[in-house]
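Read from first to last, the chains carry the letters A, B and C; within each, the first residue is number 1.
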Amino acid sequence: MDGSFAKPPLTGEGMHALAAELYPICRSLTGDGVRRTLARVAREVPLEIVEVPTGTPVLDWEVPREWNIRAAWIETLDGRRVVDFADHALHILNYSRPIDMVVSREALAKHVHTLPQQPDLIPYRTAYYADTWGFCMAHRTWEAMTDPEYRVVVDSTLEPGRLTYGELHVPGTTEGDILVSLHVCHPQLANDNLSGLVVATALAQRLLNGPKRRLGVRFVFLPATIGAITWLARNEAAVDRVRHGLTLSCIGDPGPFHYKRSRREDAAIDRAVAHVLAARGVEHGILPFSPYGYDERQYCSPGYDLPVGCFMRGVHGTFPEYHTSADNLDFIRPEALAESLSVLAEVLDLLDADVTYARTDGGKGEPQLGRRGLYRQIAGQKDQGGLDQMAVLWVLNLADGKHRLLDMAERARMPFAKVRAAARACEEAGLLEVVPDTRR
Amino acid sequence: MDGSFAKPPLTGEGMHALAAELYPICRSLTGDGVRRTLARVAREVPLEIVEVPTGTPVLDWEVPREWNIRAAWIETLDGRRVVDFADHALHILNYSRPIDMVVSREALAKHVHTLPQQPDLIPYRTAYYADTWGFCMAHRTWEAMTDPEYRVVVDSTLEPGRLTYGELHVPGTTEGDILVSLHVCHPQLANDNLSGLVVATALAQRLLNGPKRRLGVRFVFLPATIGAITWLARNEAAVDRVRHGLTLSCIGDPGPFHYKRSRREDAAIDRAVAHVLAARGVEHGILPFSPYGYDERQYCSPGYDLPVGCFMRGVHGTFPEYHTSADNLDFIRPEALAESLSVLAEVLDLLDADVTYARTDGGKGEPQLGRRGLYRQIAGQKDQGGLDQMAVLWVLNLADGKHRLLDMAERARMPFAKVRAAARACEEAGLLEVVPDTRR
Amino acid sequence: MDGSFAKPPLTGEGMHALAAELYPICRSLTGDGVRRTLARVAREVPLEIVEVPTGTPVLDWEVPREWNIRAAWIETLDGRRVVDFADHALHILNYSRPIDMVVSREALAKHVHTLPQQPDLIPYRTAYYADTWGFCMAHRTWEAMTDPEYRVVVDSTLEPGRLTYGELHVPGTTEGDILVSLHVCHPQLANDNLSGLVVATALAQRLLNGPKRRLGVRFVFLPATIGAITWLARNEAAVDRVRHGLTLSCIGDPGPFHYKRSRREDAAIDRAVAHVLAARGVEHGILPFSPYGYDERQYCSPGYDLPVGCFMRGVHGTFPEYHTSADNLDFIRPEALAESLSVLAEVLDLLDADVTYARTDGGKGEPQLGRRGLYRQIAGQKDQGGLDQMAVLWVLNLADGKHRLLDMAERARMPFAKVRAAARACEEAGLLEVVPDTRR
């Protein structure tokens, strides 16, 4: 990346428009849906597209066969199509094998998935490693299908091919990285997870347009589970650089934010997200780690134990639109996408600024602020947006080479920004210096 | 122990019947009462009876003289017995020295113990190292004794002899033991502590009838304080093997369970008992350690600091029957004894199963459950009593060679049994292995 | 110190009388006000008076010029004095430079400080390093001054001289010290901080009259901030001996006690003060550390991080009399001073007695109390003020060479005095011995 690539960051409307463009595409673990999706992202940011052949061993798994689908429908024996993949990508059971046959309604029933409690919605179902086929449809549609027999056609391929993922590394000045991971394998669903995709894209644009940072940021656009496992298996050096991380999921709905902590429960990322959400005063929930959810499952597996949490608005499985056709473009909102972007940017900024300080004078007693002009700056605090006196005192008191700025903000019960401003002023006045990180 | 000795475990009724058999015996720190009691237990389980001579130095103490009593009474000068040890063993102040004399009522009063607030009950009193004599009686009895003089007779001996205790070791496959300790020195009292004696006997029978276990279990049937001190002094190697321990006291009444934690407050035994009681949903109280109570005082003395808690139903000193003749065979119930046994068995089973696991594959990412048949087992969970999916995920996530199963159950907020089932299925599937214990 | 100097400790009335004597003196960071104040204290206790020349480098600072004031007033052009330093030392802005000129009311307004919300009170204001002048007065006075011009006179000097502070070390038998620090730079104010000065004086008298103690106590009577910095800079060896410390401020008002914890938050001093206040059952508040307040700011700076908390009744900035002429001799009470002294004496006694014990027998099992006479002492507890049985058991249980007496008292939830009495009885009985301190 040489900085020549610097589209301005997408706005809330721009993110929504990008989601709308990608919405109809039928994505899956593998195949052209993901490939087309990532290619579109690559027009926004310099995304590297990686293809990994079927059969490649990856940790305990191997890369599966590639699945592609051209068409699929159910028609009456007189040729009237009653369910058609062309109308909605959710109609096909993801990873259905090819078929073309006439079946009795009774036999068909075993291959039909509906939601009787939400009879107008199409469910999202997958059968990745099951060697079967199926259709998903509104329960009302199924109830209206009363013919004794139907013709079912699935024009799909399930063959050796490749698994596709995208990666973008925005390097920092140190070897540490923040990992931002999101899944790209869901078909025609908006919140889950086009929202994550478009916000990550805008976040990357923001970083590419901004000044060089201390920490690098590594974005990975992955098919869920197998994609994360594939990336982990192939990128030991990059994994080793991860200092903090987030998975993004369902961040386009207008509901409150949710954050699921990393396996470590009190990693810097866990405290940073909680701090930013609390300091903003927005409604939110902090959830303990559990080994169920998104790709944090892989990053937090015991052999890695990376400090990676999951950033959400709606929590998977808990909102009625989840994994149905109601998770559509109306469900996600430009202003919600923009707010999610803003929170994430603030979290990344906080982590980047979260360094350890030490007093240049050894820290004995309080330094004399007056002769360094800091008193004047403090005095002006209310009228001229000056420094916060208490923040200055806290920073000087805790700058012992052991406290990071977030430690200080937490102990002082102050917003990080105030503490950071105080620390920088003290640094400029020659009172503080940054202590280089030892790996942690 | 060769397994040839394996009476089936006593039922609740069986335990109550055994208590009834032992109830009338006058036990004390030493003497034939304890000897007869342990001999009866030895017909149920292969109890080793140990005799330690008077004067043997044991830690800071020495084994006291042996006390035996044949008869004791108070009679009117015309020969009518008004208080008789033959009626109730509590009538004699434990360790009374022999006497036969006529005394004024006034002089007698100094040797009479009653409970004015519970005028129908006989108190239990001892004078182990006091070289005195006395009688305990209902306050109403004492009030009715209006003669100016009485003849008092105590036909006892206090002479060099032996202290008697019982021990039974059910070995495990490792060198670690669970210590189960109970006091056997109380005369004609049921809950305190025939309940502990009969439940320990049944628990030992259960272990002797079951398969070999990881941890051994060592039962000690001891006179309180001096018995524990004697056992500790003489068994350094056995003490060294104790990994967990419990004293049992007053576990036959129908009240809620109580558990007093070990001096360490968060030892595995403390967490195990709390987990089992909470998972059962029974009413119970968890009490902090204090250096007052039963023989956990000795095990938790600073030179040992063994992880030994105290398992009770009624708490000493807090129920009205405590140390009175109302602590009788009606006060303890077969079903309460059976429930206490069941809880203790579950605690021992939990500790035995509480091993540390590690992933055989190094723990990078989640393993593929499908090709190992674990997915099928999970899928069947609701209908066929299969595995709990979340338990499997937690176990695979926490199997890092540092977490024991109880750690996992606590963190996952799941019953231990679910986590254990998940771990064993994963172990059978080759995903997990037990990490050998380093001593702790 | 040879004990020849031993005035009996001041009573509450005596402390109040001493405060009254010192009240009118105009103190400041430097100058004769402090000098006279410390000379008066030196007639009560053998205070060493230290003078440090202007310009001496002390940590990040240097000793300022010495300020002295003879007179200051505002008069009408016809010679009527409307505000006069002779009436109240607060009338002069502390560290005002000399001036003698006629100014318009408008120009004067910029140099006048009042409290419009408390129109009858004179505020206390300083301008230590500002090279300016000013007057403080009741708002009503200022409103009544309607002449177009006034003559202002400040007869002060601001010249090279010395900074004066006082120090008194009462040595102990070990090299560890308790630091008691108080500020002496406030002019005509009673609670802030003549209260601290007179209580510290009485506390020193108490120590000088008492037996030799384990810990030394070092009193420092300092001008705030620059005084503490000067003392720290010049006394590295003494600083190194500080094991615990307190700053004293505003301890003469009748309100509840407040204690601000040290930067460490759970140092022995923090726990000791909280224990004493709780055990007394008096109303009090415990405040977290913050780097704003008194000279604990310097002691708790990161290069020292000494365990020094701040002991107060009224908290600076929170009571209406704070830094006004209402902080006068009526605001402080003899009985409040006496109670503050009593609490401080108890804290110092506790710290002095807070040693680590170990069982002389290695701690295996409970020792036999009877043959050492401890049982008799316990038995007599209720009637004869004997030992508390539970305290004896706790002490014997926790005497493992790792617990101090305060640790024991906290764990046993008992007053320190009970635990100390039990420990001493056990020590006399040969059961316990004190474990020498390793530096901490």
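The criterion applied here is as follows: a contact is a pair of C-beta atoms (placed from the backbone, for glycine too) under 8 Å apart; a residue touches a chain by one contact, two chains touch by 3 or more.
Values in this document were obtained by computation on a predicted structure and should not be read as measured data.
Counting the residue numbers used at the interface between chain A and chain B, under half appear in both copies, so the two copies meet with largely different residues. With rounding to the nearest 5, the Cα superposition of chain A on chain C corresponds to a rotation angle of 120 degrees.
The distance from the centre of chain A to the centre of chain B, with each centre set as the mean of the Cα atoms, comes to 55 Å.
For chain B, no residue reaches two or more other chains under the stated contact definition. Contact residues of chain A toward chain B in the complex are 59-61, 129, 225, 228-229, 232-233, 263, 290-292, 297-298, 300-305. If you check the complex, the residues on chain B that touch chain A are 359, 361-368, 370, 390, 393-394, 396-400, 412.
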